[in-house]
Every structure is written in C-alpha cells, then in structure tokens.
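Which chain is which? They are A, B and C, in the order written, and residues in each are numbered from 1.
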Amino acid sequence: MSAKNLQLDENGKLQHFLSIEGLNQQIITEILDTAESFTSVADRVIKKVPILRGKTVANLFFEPSTRTRSTFELAEQRLSADILSLNVDTSATTKGESLLDTIHNLEAMQIDMFVIRHKDSGSAHFFAQHVRPGVSVLNAGDGQHEHPTQAMLDLYTIRHHKQDFTRLKIAIVGDIMHSRVARSQIHALNLLNTAEVRVIAPKTLLPVDTESLGVQLYDDLERGLRDVDVVIMLRLQKERMSSALLPSENEYFNQFGLTQERLDRANPDAIVMHPGPANRGVEIESSVMDGNQSVILQQVGFGISVRMAVMSIIVGRTGLQVSE
Amino acid sequence: MSAKNLQLDENGKLQHFLSIEGLNQQIITEILDTAESFTSVADRVIKKVPILRGKTVANLFFEPSTRTRSTFELAEQRLSADILSLNVDTSATTKGESLLDTIHNLEAMQIDMFVIRHKDSGSAHFFAQHVRPGVSVLNAGDGQHEHPTQAMLDLYTIRHHKQDFTRLKIAIVGDIMHSRVARSQIHALNLLNTAEVRVIAPKTLLPVDTESLGVQLYDDLERGLRDVDVVIMLRLQKERMSSALLPSENEYFNQFGLTQERLDRANPDAIVMHPGPANRGVEIESSVMDGNQSVILQQVGFGISVRMAVMSIIVGRTGLQVSE
Amino acid sequence: MSAKNLQLDENGKLQHFLSIEGLNQQIITEILDTAESFTSVADRVIKKVPILRGKTVANLFFEPSTRTRSTFELAEQRLSADILSLNVDTSATTKGESLLDTIHNLEAMQIDMFVIRHKDSGSAHFFAQHVRPGVSVLNAGDGQHEHPTQAMLDLYTIRHHKQDFTRLKIAIVGDIMHSRVARSQIHALNLLNTAEVRVIAPKTLLPVDTESLGVQLYDDLERGLRDVDVVIMLRLQKERMSSALLPSENEYFNQFGLTQERLDRANPDAIVMHPGPANRGVEIESSVMDGNQSVILQQVGFGISVRMAVMSIIVGRTGLQVSE
C-alpha cells in the first residue's frame, strides 16, 4: 500500500497524518480552515472543547522534544482527550521488545490515536501499516523524512499573513539536506501552487533531488532573498558542525546568517519564520529574530491550533458527533 | 494484623488490594464481574465514567514499569480521577526521607488511593498498615511476593475464554521461583477451585514450597503440557541468565521454549498467555506468540478493565454514589 | 519597575506571586481566608472546583522538587486546570535557547500561568517582567531569595492553631543564611505584626542583614526557645555540611537539634513546624517530629489549599466568573 493511500480511507478522508506527500489541496485547506476556528478557541477565556472526550491519545517520543511534544499535549488537553505520554528509551525497546510489539501492546490498551516521533525515516508509516482499523497515527517527525504538522503550521502562518500562495515567492534557508521540516514544507507549498519556492544553502547541504521537487536552488543568500515575501530559516543542527559538510559557526553566519541588511533584499513586508529552537547568531541575527518582520513566536501558537485541527478532522471521520 | 484482615474492612469489603492470598472467592468473582462491565466501557465511543471524579490516585513506582503503569494510568483516567504519578528514585528516598515519611507526606496531600510498585516483598502491606483510615493501597508488584492485578487479569482472560475453572487444567511455565506473578496466579486459581494447576520449570527454578501451594510439579515441558486447557508462560528475567540457575538462552529455549509442536500436546483449543514483555525465541517461539491460540494482547486490554474494577469496588465501599 | 509594583496591577490586585516582600497585610489575609475555604474542599468527597477550567498552567522546574511540585500539580488539578509540567534540564537550556526564549515560546502556547522554580535568585521576577499582560507568574522558589507559597502555608498553619499573630513569639531555627523559606517567613510574620520573631542559628549561619529584618538573634537554642509559641525548624542542606560553615551532623544536633527536652523551654502548647523533608536526628529528633506538638504533616495539606487560593485570586482578577 502506498503512503498516499495509507493516509486516506476509502472515502478519501484523513485517517492518518504521516506526510504532506500524498495529501491533496482539499485536505490541506480543510486543515487550515479548521485550525482557524481553533485559533479563536485559544483566545477564549475557556480554551477547551470536548471533541476528544473519552478518546485516548498516546504520545510516543522515541526522540526527545520539548516544543513539539508540549504543543501536542496542550492540543490534546484542549480537545479533552485522555493522554498517555511515554518517553521511550530506544535502548530499552531494542532489548526485550520490538517496535511492532510496542505498537500492538499499546493498541491493546484501546489507544485511539498515536503521536509518534522517531529517529528512523518511515517509522510513522510503519506504525500506520500495523495498527488496526479505526486507530490513527500522527507523525511528529520521522528521521530526515517528514514533519508534517510543522509544515502545516508554517502554511497556516503564511496564509495568515499573505493569503494567496499563488503570488508568493518563498525562500527556505539552511541545512535542507538533513531537514525533515524542509521536505514537508516544499511538498506543502507546491500543493498550494506557490508561485516560487527557493532553496538557499551551502552547496554541500543541497540534496541531489531538490530540483525534482520543483524548487529554485541558490547557494548565495543575498541573491536568493531578492524580492521574496517569506523567509523560512531552518535550525542548524550543531551536532553536524563537526562534520566536513559545514564550516565553523562564525563562517556559517558570515555566509548564511540572516541579518537585517540581508533581509532588506526581500520585499519590505516579507515575514521571517523559524521552526525553533533558533541558534541566535548562527543562522539568524538576534535583532532579526526579535524584529517586527519576525513571526516566529506566532508560529508556536498556531502549532497548537493546527494540531487540534488535524486530530479533530481525523476523529470526525469516525462519525462521532460532538456539540460543545 | 494479618494480611488477610488488612485487605478487608470490618464488613468484609475490600479496602486495600495487596495480595490474592487472603481474599475469598466472592471478592474475586465480584472483581471479575465488575471488570466485565468495564470491558464494554472500553468499546464505547466515549470510554469514560465519573466513578473517581474528584478523587486523587498517586502512582508510586519505585521500580520502572511501562505496561503496568500505563494501564493503571489509563484506568484512572477512564474513571476520571486526579492523578499524581511519581517515579521515585530509591537512592533519593534513602538519602533524606524514609519510606514511612514519604507515605505520610503524600497522605497529607489528601491522596485517596496509592498504587505502589516496589522491589521489596511486603512493601505494599507496609504501606497499607501505615495509611490512615479511608486511604487505600493497591499493590502493583512487590518484590518476588505478589502482583495481584496481573493475576486478576489472567483470571479474567481465562474465564472469558473457558468459563468454568473447576474443569480446567492450567500450566504455568518458567521461572516460578522469582515470579511474583506466578505466586499470585496460583493463589487465585486455587481460590476458584481450578481442577489442576501444573507448574513446569527447570529443577533449579522450582521453589521448595510449591507443593504446599497445591500444584503439580513438572520439569519436562512436553509431559507437563499434555491435555492442558491454558498455558501461562512467564517472562524469563534475562538479568538472571548470568547466574548458575539458568542455562544459556538457547539451551533454555531448547528445553522450555514454547513451540507449536510442543503446544500441540495441549488440548486443541488451549489458549496461550504471557504477562509480557515476552522474549521471543527464548521462552516462546514467535509464531506461537502471534498464533491464533495466543490471547496475549487481549490480556493487556483486560488489564485496564480489571484495574478499573478493583478501584471502583474499593471506592464504592466508602459509600460514594455515582450515576453516570 | 520594583518588585512591589510588579506583583500588583494598577488596582492593587495580585497579578503575580513572586515574594512576600512587596505584599500588604490585606492581600496576605485574603489569601489565608481563601485558603480556608479550600481546606473544606479538600475534606469533601469530591475535591474539585472549576475555577481554572480551560486555563493552562505550566510548571517549570529548573530544580528538582517532589513536594512543592506535587502540591502545585494537585492544586491545579483540583482547580480543573490544563497542566503542562516540564522538568527543564538547565544544561540543555543554556545550549540552544536562553531563558527568555523559553519564556516567550511557552507564552506563545497560550499559557495563562507559570509556576517556576529556579536556582537563581530573582528568576521569577525576571519571568514576570517579560511575560505579556494577562499572564501570571508564581514563584515556587528562586535561589536563596524567596519561596512565598511556603511562607503562606506556614502562616496558614500558625493562624489555624494560634489565631492572633500580635500575641505570638515565633522562633525560626537553622540555616537562615541559605534559606529562601526563612526570608519569606520573616517578611510574612512582620506583615502580620507578629509580637516577636526570633532567629536561632550558629553564628556562621546568621546573615548580616537579619537585624534589619526586625528579628531577634540567638546563637543558643535553649535560650532562644524560651516561652515561644511556635518553633519553625529549617532543613539543614546536607550538601553544605562539607563547607567550613557547619560542624558535623552530630555536633550540629548536639547544639541545634530540637529535642523534647529543649522544646520544653517553649510554651507548653507550642507547635513545631518544618518545611520538609526533615533530616531526622540532625535538625530534629524523631520523637519530636512525630510527637503531638508537631504539625509538620498538616502543613503539607495546607500547602495545597494555599496554592489553590493564590491561583484563584490571581485568576479572579481577570474577571472570570465561575459558579460551581
């Protein structure tokens, strides 16, 4: 079964959320519209709806995460779910019990929805292939493959500020090669017919298949930023600094760090995004991060609305009617 | 005060759940019947009842556990309890504060129910002796002594598939000597007048008092399995493999591993159980674990219903009336 | 902006709870009165009120804590809050993200209230200075500065037993110099016009500014205890034993350990308090801790009521009307 079919049920409704690849424009738009209604929930005095009441969501983080895990847990609480959060020590799981045994044991606990982060690409698909009908899997980051809820919150942020994607020039800057975020973003931006998607990175960090993804490649930041409407910075994984792929932090900042001067090459009303946590002074200058073109903190809040939206749409599929 | 009296109040109602030893057939049956009603709760769209609403349950795990702890936490959430989960670092508790001080401090937080796992046999009884009236203690495994909710879920699984215990031949296979699960199971099966309970283990792993427990001893797996209706495999504690008590994993599997061929000595409709996590290829062949006689995953789900039942019965004792 | 103004809004209402210093008698009394109403909640069969329903509280513990964290989490659950609890590894935060970035990211998740424990004095004030309007910060202990909810539960305990502070002689015994608890207590007792506050400690542990705090200094325990109504023992931080400031545990007990014989110098109905966890046989004799003048365990339960009170008062400020 292909990834495409795996995410959608026989009626074309969302049953898992594994990757942007394999989704269509209609589903993406439904998620964004639903998230918009939840953004107003967040502004209410009481930020709670009973959509997942009596449902159990298990958060399985095989990799540590604070931001993604916290926003998922808050989204689940605001939907009134029962929550089981497990930090799974991978060394322990390899000892006695395989990943598949872990899946089946948790499933036997009548878990309705799994949120999974795992260092192996394809692990969320693997989970989805092995859970029984009616159980859903959400990918919270699988290796260097995809991080689709992050991409959705990025789309949401862009739409919030810029509306029509078909007129936008968007630049993604940084370590594209190792970024599951970038891969998901590119798929999503293409699905919404973004006018132009640019990828800006040192030559050593440009993956070979980016051109096939339908993007423009730049290895010069200043040229790449010219006239763009949105600048998406990626986090530089410091653990990769030691490899031969990257120069020193200083040198990286000199060539690819986003300064105000460089940002001025973009459109005057361009927005600056970053999935966080940012390395101030490495991929982005502090003053730009805190500047008035930055929407980085807004992204975090939108992340909760988007995750609430995805979970609600998936649950809605089962026919559960909830009035507030 | 004996363990027997400690679990029951002056009216013979359950006030703690510490060991199968000391319970009677009536209470066991009440738990199984109540669990049956909660199994249907698990199948509902909304798996939640307000029986523990406004009550606080503290999960104190002095030993790590994923399965038991997760099923307890889910049971508590589905009963709508407030939950305090503490992974107690034993080294820390020995430093400044005794176990008794820990008990009294938590009790002062108006905890209504304690779920305790501890490496010392008798620790749950110790807790129960020192909490004030109205506070209940549930044993989630104490040393090599008992693990009574595990035994109850095993009983539940057997009754679900085989009904009448008085006609059943049941074999327990593996490291009986170090197993708190086996000890609880044997007591429980005897209480329900099981026709025959067999214990199958290498001679070095048969404890001296098993005969007094009213069981048949076998040190040959194939003979022991003949005509049984239920096969309960125990987990082989790998940390004991290094001791002189056990041969190598390979050799163990050769002599005591459950293969399909060996299982064929049992009744054709015999079921296979395991408390988990199983060591595939050590105490049980993978194909048997996943085969159609295996009810191992069902046990996990029943574990939630059984734990909900025990907690509900204990709370019901206090006279709290709850309508859903 | 001074600490005083920071805690109160333009109408003099509590918007943060950072330190006893800067509060007035009216607010202290309001907290104590509100806590009294929650103490009766704790005695109910169902210990839950919906005052924080749909609000999110984040517990950020940059220092480990069991007692304070557990009582905060229970208070939040009993107020029906959504809860995000993070044990923040300080080494991790210094790596990629500053404390300020952590604040802003969490704030972007629409957190309504932060509970913060941090090893740096002034960190809670720093937080409060940087959150946006409408978001509140509660200090759960900042370095050697203050631990104001602990001081409030101490006040509550004293009032519960002794009513009128203006007639009381109260002794605080132990390592005043390093104790954020003592600092908060002294401010609070002065605010309620306590007749006499005595500080009893080895000369090496008396901070230089205690006299300016309006207390009487004693370096002799037996003289200091004479005729007091309340004895507050402090925890001896064992990690400081190795320093030159303190004699051996034995010697300390010989000079400053609270024995029954010494306690008999106080008024016959004097009560004994301790913030916990106590070192039995170091700062306090076991029999005194468990004796009938000890109210140490009561303090723990009152801690929940006091924390519920502070959170309720802060939320009430926003105009949220809740009927039960």
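Details
Just so it is clear, contacts are C-beta pairs under 8 Å (C-beta built on N, C-alpha and C of every residue); 3 or more make two chains touch, one makes a residue touch a chain.
Quick caveat, the model's predicted, so the values are computed rather than measured.
Of all residue numbers seen at the chain A-chain C contact, under half occur in both copies; the interface is built from largely non-matching residues.
Rounded to a multiple of 5, the Cα-based rotation taking chain B onto chain C is 120 degrees.
Put simply, the C-alpha centre of chain A and that of chain C have 41 angstrom between them.
Residues of chain A in contact with at least two other chains: none.
Per the touch definition, chain A reaches chain B in the complex via residues 53-56, 82-84, 86, 95-98, 101, 104-110, 318, 320.
Those residues of chain A whose C-beta lies close enough to touch chain C in the complex are 42, 44-48, 66-67, 70-71, 73-74, 77-78, 238, 276-280, 297-301, 304.
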